[in-house]
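Structures for review follow.
Note that chain A is present in both complexes that follow, paired respectively with chain B and with chain C.
For the complex of A and B:
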């Protein structure tokens, strides 16, 4: 009997990691940032402002439960307990739902701060492409936000849209960007800006006999157009960097770079962690303030 | 008791229909609905008619699709929905003064599809920056006066017009005096409370409203608000009666210390200056008032007014709001933001719909507040 293909092409790998050559017992300040996004939740633990442990997983139906789960997963092999964390900052769409956070700070501020940590002080423009929204952020040499813009309401041009598309063309989401770049000639972008309509339009192209690579190229090109629109409104200044889950999709990023004639810096730390990293860094500053070091 | 005053304003808005029906039952007089603040209420008061502004209810509209184009603004659709649902069934008439095409469509759809005794369209000129505008509007107001006289069956005298002018001027003056308390370091009134004061003025008998304003002004000097005023904000843009949004923003350590929209200062900033020719005096007020952007061209005069307000009320940032599809306000957003930027005031744009997606808006507003003051000590 034939089996149905039940592969979840949209599902991206969840993971956790601990920097093994660090020991939290030797650190003075242990802080954490929890970024509860609309699609993914991320937790970061920092020892004296240096990255120590982190995790990323899918956001479940109850944000509070996901916040606890992602934090506990990050510290699972460290011997740390929640009570050992000196200060926790919550960020992301579900930032008010992090029960053990002492304070919330928006993901805009946290992504800029996190991007500064990942990419260094030359960053002036941060593009964060998350699950349901896309943010163009201008910041100063300290990673402080100067101005920003977000997309309106619709999730087209964001991670959730890519998940829907991965399912449609049966390509694992991690491979989508690469597949979209494998065309010889760039097709016209799909014209719809709504995820559902863009999916329907892509489906129509598949039915016309377009290979999935070409449809993927058309879909990614439309995402890039939309993202560039937003970036142009806020203005792009070098250095330009990308954070959020979609930063890992070369099909989107290369097209954005092509349209802007600007290259983005390449990260050494997973850019999906930028928000939680920023939150953990703010947590350090807040703890220093609390104990009179600032 | 000052909290009673604010409760009454709120009750008048929440029970606007009950208020109007009770007023009608008590006085036996007529009530006319209007959509835009270009309708000269002075003349309606002169005719002993109660003007009430027709505004929406901020529920997703389900009944307007057959009557109004979906790409017309949420305000005009929400207003029409109220009529189609029969919530204004006590109105004896509707009047509109030309402002934008969207509200014109609401007026026309109402006139065609909702039974009503009296309708009148006032051709308020768009070219308010030309010298012809005042005499033109004066003549249009004469037609409006004659039309009302015919409907109610009696003459509107100069004394009647004087009474109407006096009631409206008094209402505006009292509300402007309340605005003065927003200039203080710790304002004695929140943006939400001011919005409720102005909205209730548009929905009730202004003589009754004036009495409450007098009481408010007696008690306001001794009031101390038990809240951190936080960031001093301006809200500027299209018609806005979204009280939930106002409350939510002011819960984030911020206070709206000034507004510039037709449910706020734009409604009350200018008085009628008395003149022997009463209609000319009224026409002058409506031509020279702080304009709706649908009339504010070729010069953007309102932008300088906004800059002046920003300075007088010492704002730290401005939320520039635009009802979705409101083209007149959309046109002025770039020069307005530029002008405020030139005096060092950052702005953030938000697009309003019938309901506001607070989850997303909260992130934007909070992040905007963080850029203004919030996080400096953490770097």
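For the complex of A and C:
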């Protein structure tokens, strides 16, 4: 008997982690950042400005509920309670829906600040590719935003578009970038810039008998084109880094690097956390100000 | 962000503009829809008619989209939708300046599909030379002759002189209001100033003048001032409503100046004299700093003067999607601001507004300027 294939290729793994050699009882300032994105939500706990615990999960239908869930999951094995957090900053698309946050700061400022923490003070251009939009940010040596551009016309160049595409070609989303790079010769990018039409066009290519690797290459190439268009308008200066979920897709990043003739720095910390890290760092500064340390 | 009440009257005038125009019409007089800033309203006033600033829409354009191609701007789409929805049934005439493709297209389509209201196209030259002024003066003269026939009222030189006085007074009063915003604590929010200017475009001018005088007195006695973290200037087209400015000022910005069709550019310059009113009026309109002329110099000067005089910390450019005159100006204006070292944010938008992403960009811009 044949079985229906019910694998959800679009679904990326949710995860949490605690830095085991740290003990929050010995720290002075415990802050957190919660980044409620359109597709994924992330929470980070920092002890005196150092990464301690984090979690990442899918954003549900109710942003408030997701914010609570992702935060509780981050502190699950630490013995921390919500009340132990000195200051929490909310960011992301659902930043106003973080009930326990004292303040909200936009994901643009937070990604620049988070990128500064992950990659260091030499970062000048941050590309954040999230679930539903894409931002090109210029910043200074302190991680402060100097200028930025945000695409807002369509989700085709973003994580959500990749999810739709993963399902179409039946390739798990984590493998998609690698698969797209396995072609011998780069095909023409798919021409449509809308996520729905790009999917329809990719489907047409599959029907014409294109192997899925080649269709994936065409789709990723189109994404890279759109992203580079945004980056060129804001201007790219070294060091160049990528944050957000799509930073993990080599098929997009390598093509962007090729088009720009510039390499991006490789992270030691999961770049999906950049927004929540930035929020937790802002939380620390705000708490220090509150208690008169600054 | 709380409004102070002083401009409530102007908000009410703007919100009841349809009723005001309908009442005018009921008194047996003509109402004439126009794009206020680029229409010599003095001529309409002199014909004892009411110029009513037309606006685009903010909803869907299902009826208009049957006629207009997808690259038409939301102003024209919205206006056509309102006409087709019969929301402008009080208009006797619409007069439009021949300034962009969307207007031209709309004009020829409306001519084909309806004569109610009638439509008149005022031809603008593309140059600003002496010849161009002669040409435009003739066009305004033709418009005057047309209006005389249309309304059955003779437009005398005396009536034109009075019209210029009334309009110049409105301009002076609006400018006095704007000057108060140069202060470190401006007495009104930007969205309130916009309500004052928008209402000027739809209210009988003599009434507007009286209310402006009261407002200036009231504001002088004000105790509480609006608060904002950064002083901003808004640059762009006609705003149909205060939505975007409310987002900007709700996020901590304080709009202290503008370079808008429905703002300073509407009233900044006067008709200098009235020895030949038609010619003097024509000259004033042709020389407005706008994106429609042969070059962007006039607009650069107006914009940069405003930035300096009003101590502006950041500029927000608003462009409608598919509004080619503004979008073509935009890269040049960006370069000018980069050279001046003035930070800016460009919001290209369509209706219905995508408020969440609009708010994110505005908040991030204000965080950047803090």
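Here are a few things to note about the model shown:
Definition applied: the second predicted complex is superposed on the first by the 294 of 294 C-alpha atoms of A that agree within 3 Å, B and C clash if a C-alpha of one lies under 4 Å from a C-alpha of the other, contacts with A are read in each partner's own complex, and residues count from 1 in each chain.
Here, a contact is a pair of C-beta atoms (placed from the backbone, for glycine too) under 8 Å apart; a residue touches a chain by one contact, two chains touch by 3 or more.
None of the values given here were measured: they were computed from a predicted structure.
Superimposing the complexes on chain A yields a three-chain arrangement in which chain B and chain C clash.
Touch criterion met: A:133 reaches chain B and chain C at once. Chain A is touched at more residues by one of its partners, and among chain B and chain C that partner is B. Within the superposed three-chain model, A:294 lies in touch with chain B and out of touch with chain C [touch as defined at top]. Applying the stated contact rule after C-alpha superposition, one finds that A:150 touches each of chain B and chain C.
Residue contacts after overlaying the shared chain place A:107 against chain B and chain C alike. In the three-chain superposition model, chain A touches both chain B and chain C at residues 93, 105-109, 133, 144-148, 150, 152. Across the complex, chain B meets chain A through its residues 346, 351, 357, 359-360, 363-364, 366-367, 370-371, 374-379. For chain A in complex with chain C, the touching residues are 93, 105-109, 133, 144-148, 150, 152.
Residue ranges of chain A in contact with chain B, taken from their complex: 93, 105-109, 133, 142-148, 150, 152-153, 282, 285-286, 289, 294. Interface residues of chain C, counted against chain A in their complex, comprise 343, 354, 356-357, 360-361, 363-364, 367-368.
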